[in-house]
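Provided herewith is a single structure, encoded as structure tokens, for subsequent inquiry.
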Amino acid sequence: MSTAPVLSAVDVTKHFVVRGAVGDSAVVRAVENASVDLHAGRIVAVVGESGSGKTTLARMLARFYDPTAGEIRLDGVSVSGRPTRAYHQDVQLIFQDPFGSLNPVHRVRHNLDRALRIHDRRMSAAERRRRAVELLERVSLTPGEDFLDKFPHELSGGQRQRVVIARALAVGPKVLLGDEPISMLDVSIRLEMLNLLDRLRREDGLALLYITHDIASARYVCDDVIVMYAGEMVEGGPKDEVIARPAHPYTKLLVESSPDPDRVGTVSRDELFDDAEALGEPPSLIEPPEGCRFHPRCPFAMERCRSEAPPRTDVGGGHWARCWLHQEGRAHEIGESTFAAALTRRDEQVRA
Amino acid sequence: MTADTRADADRLVAAARAGQDEQAQADPVLDVRDLTVSYIGPDGGTVACRDVSFQLGRGEVLGIAGESGSGKSTLITALTRLQRPPATTTAGSIVFHPAGRPGIDLVPLGARALRKLRWTSMSIVLQSAMDALNPVMRLGDQFADVLRTHNRGMDRAAARTRTTELLGMVGISADRARSFPHEMSGGMRQRATIALALACSPQLVVMDEPTTAVDVVMQRQILAQVLRLRRELGFAVIIVTHDLSLLLEVADRIAIMYAGRIVEIGSARALYRSPAHPYTRGLRDSFPPLHAPLTTLHGIPGTPPDLRRLPSGCPFHPRCPVAVDACSTTPPPLVSLPEQAAECLLLTNEEAS
Amino acid sequence: MPSSLWSNPKVRFGLVVVAFFTLLAVLGPWLTASVLGLDPRANDISAIASPPSAEHWLGTTQFGQDVLAQLVAGARGSMFVGVLAALIGTALAIVFGVTAGYFGGTVDNVLNFVTNLFMVMPVLPLIFIVSGYLRGTGLWMIAVIIGVFGWAGGARTLRAQTLSVRNRDFVLGMRMLGESHPRLIAVEVLPHLVGWIASMFLGALIGGILAEAGLAFLGISDSGAISWGSMIQAAQSQSAVLRGLWWWFVPPGLCIALIGTAAAMINFGVDELANPKLRAGTRRVVRRTRRVERAVAAAEGGAA
């Protein structure tokens, strides 16, 4: 961690203006003051629900759009304006949908060949072919020769995603951004894809950002986890710290809501699902709640949470959270019972 | 041993043989036998669902898990008789047992008879709520539509009262009845479709990937609601999904589909603790743990087979880590174990040795 | 895709008809002149307005001209105008529509403004004015005028389609590799619009033929040139309808209708292929499935 980050987002904010039918417009606050550092050979996972801003963050890092405020730094140098070819030589994004990210009218060869050619005009056709085969084998499509002349529709979802990764690797990037790269693949082949990402990180020293809604897969592959809620980063730190001892009530809710087959047989089903009916929904990003955006759903919410945004508090070991409970000395309450139980208790108190 | 206890024991063994609990055997709400569904093309049929048999007990939650191309969607459309050409049921029976009345085989039933059964006896919740709700109709009107179609005597006021009641069951306030579907969040829409499915008190609710389009927290809320309503109203549930880790928590029993067949069926507990089929084992190990120590996992190598070109013998053998030579030639028989049943050749060998 | 296109009966019919007329336009006049020895302009004074006979298969006009020879020569005239107008119109539609859709922003605003201007322009009066101004309009000029005033609708369609394609992940993916915009348009985007462009071309072809016929009917055409439109116009001016000289105006009318139907058929067929939902519902699939169902039911009945 002592090395400088390869790619970082510093306090980036993204607001989208959406125009209504009758000329009115609204501002969608998709991402607010988000920061993330990507280091060579490390994987950072950004976990959140849909609408949490995680995809917007990835697309800002891929420079599909400029941040409204804040900056993106590559090797410590702030980048802005039109994304250059040089930038994308270092940073590549893997899309969620392997069916959409390969042009159905082109063979696998076209994709790799163009990537190689754009980045090294002097490379001969034979050399490009050799490199293309190498790249395919790098992503475990062996023998690579067999895949060169295939059309996307002749490949399975997993194979397509591997081709997409090979295409990204063709330009020799330092950073790979994965926007839910496995969520549309068959369950049985997801792990091999995660293992591939892990190998790229270990053997090629790539810096990876792994965007996902699946906290278990994040834990499997990453080093650090960042949790996003309604456009804001609410908690981050080493993965086991964050998942085993959440320091933010939302992280706790997310972890407890994720399927965990290890619970099967130890807890009855009714126990597992009781109290889980009214956990609430994320807010609208057009008019997000004042103060902490999670306060309307939070069983621990105080007066302060409703008006002031909580500051970032370090809880040790690189683990941090944005929650007033830490400032008020009530942090221990987070771990005392399940989120659902805390919510029920609060509702009872309110009624009483 | 008296004759009585002996008969008792036999019955227990028989129940266990079929890999299902006694309740399902004694009073099934749905009895599916040897169901085979084909897609008819210009050069013959492709079998997408082959010899599927299972029973569903009253009030039971059955999960069906499978990957793309496993035939789970085909099975669902066949069960609910929503299939359209080129899909057709070429063999088997789907006997539905309404409470206190004789069973009805749904396969030969005509469109009119089926329409009578839908909503009142069996209803469907689809993956995308947007497909089930009419985007240009207010929520309340859609409920009234369904209610009054199936109960001619119901007047507007009664329909409105019932709508409020139904929406209340899934935690949606009554004033939402005036909303259009696009004015609601994805989670609320999906809950509304569940309420709509329950409108005519069906005995069976079939859910096709009911929570795939929503986030984990909403998923948990919706399932909690379904489970509570099931407890209160007593309907049986079939949930189809690719997410085995979720089914393990929700379902009483789980059927695992691969290449159009149910390769293993049994209690959720048994399938998690001691899966008998190598595919089930592979699928279970494809979900990294949330809390347990991490090890390197590999999922299942290879890709699901093309139904038009199924491997010989056991369809799973090219991907199977423990396959023996015989697996590529002999179709595996269904082997019954105490808490489950699975189609795997290795199980017969173990029994023999 | 090409083989499945051909296997669709609608497309097959349409393609055969279009191919026939194209051949007729290219080879026809030569054939009628050398094989049948007919000249569309020659006046046979012995046969004025005579019905079909062994000598004049499709009869003659008021001026003693052979209708068959005129019809064949007219095919060349009409097809020439149709094809040229369609080429010009489609090319303009691609340039305006795809560029506007792909780049968006200011480029889109400007190009879209021009497109809308052409959409709302009263085309017919304009054509009158322009052709009146240019005087002595040949088929060439007619085609150019029809093409230049008829591209706006197509450009709007292509713009909308380009908008949806350019935001697809594969375009973003290739852009991220550093691919240039012209290449992205030509190699990644355009192949997805081929179906639209083809059907637009066919539509423009028909439009061109009809527009030429209409203009000729209204008297705006090269009086020396022969086309289906000018044939009908000549028939009309000689009150052929009132006098029952059906063989004069029915053949060119039928040809126009036939080629219109053919183009529509091709479009229907392409639509079915592009939209699998339409295909799944085709009668053939349903029939095939019902046949299997009946066979299964019969087998079960036999067994029981």
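Should a chain be cited, it is by its letter among A, B and C, assigned in written order, with residues numbered from 1 in that chain.
In this section, contacts are C-beta pairs under 8 Å (C-beta built on N, C-alpha and C of every residue); 3 or more make two chains touch, one makes a residue touch a chain.
The structure displayed is predicted, hence computed values, not measured ones.
Trainee: Counting C-beta pairs in contact, which chain pair has more, A-B or A-C?
Mentor: Output for the comparison: A-B.
Trainee: Look at all chain centres (mean of CA atoms) and spot the one farthest from the centre of chain B.
Mentor: The most remote chain is C.
Trainee: Using CA atom averages as chain centres, what separation in Å is found between chain A and chain C?
Mentor: So the centroids are 51 Å from each other.
Trainee: Report the inter-chain centroid distance for chain A and chain B in whole angstrom, where each centroid is the mean of the CA atoms.
Mentor: Spacing between the chain centres: roughly 32 Å.
Trainee: When you check chain C against every other chain, which residues touch at least two of them?
Mentor: Within chain C, no residue contacts more than one other chain.
Trainee: List the residues on chain C that touch chain B in their complex, please.
Mentor: So the residues of chain C in touch with chain B come to 280-281, 285-286, 288-290, 292-293, 296-297.
Trainee: Can you list the chain B residues touching chain A in their complex?
Mentor: Checking each residue of chain B against chain A gives 67-68, 171, 185, 187-188, 215-221, 223-225, 227-228, 231, 242-246, 248-250, 268-269, 272-273, 282-284, 286-292, 294, 296-301, 303-304.
Trainee: Show which residues of chain A lie in contact with chain C when the two form their complex.
Mentor: It comes out as residues 62, 64, 85, 88-89, 92-93, 95, 97, 100-106, 111, 114-115, 118-119, 164, 167, 170-171.
Trainee: Under the definition above, what is the set of chain B residues touching chain C in their complex?
Mentor: Contact set of chain B toward chain C: 38, 40-42, 45, 84-88, 90-91, 108.
Trainee: Within the complex, which stretch of chain C touches chain A?
Mentor: Per the stated touch rule, the residues are 168-174, 176-179, 187-188, 191-192.
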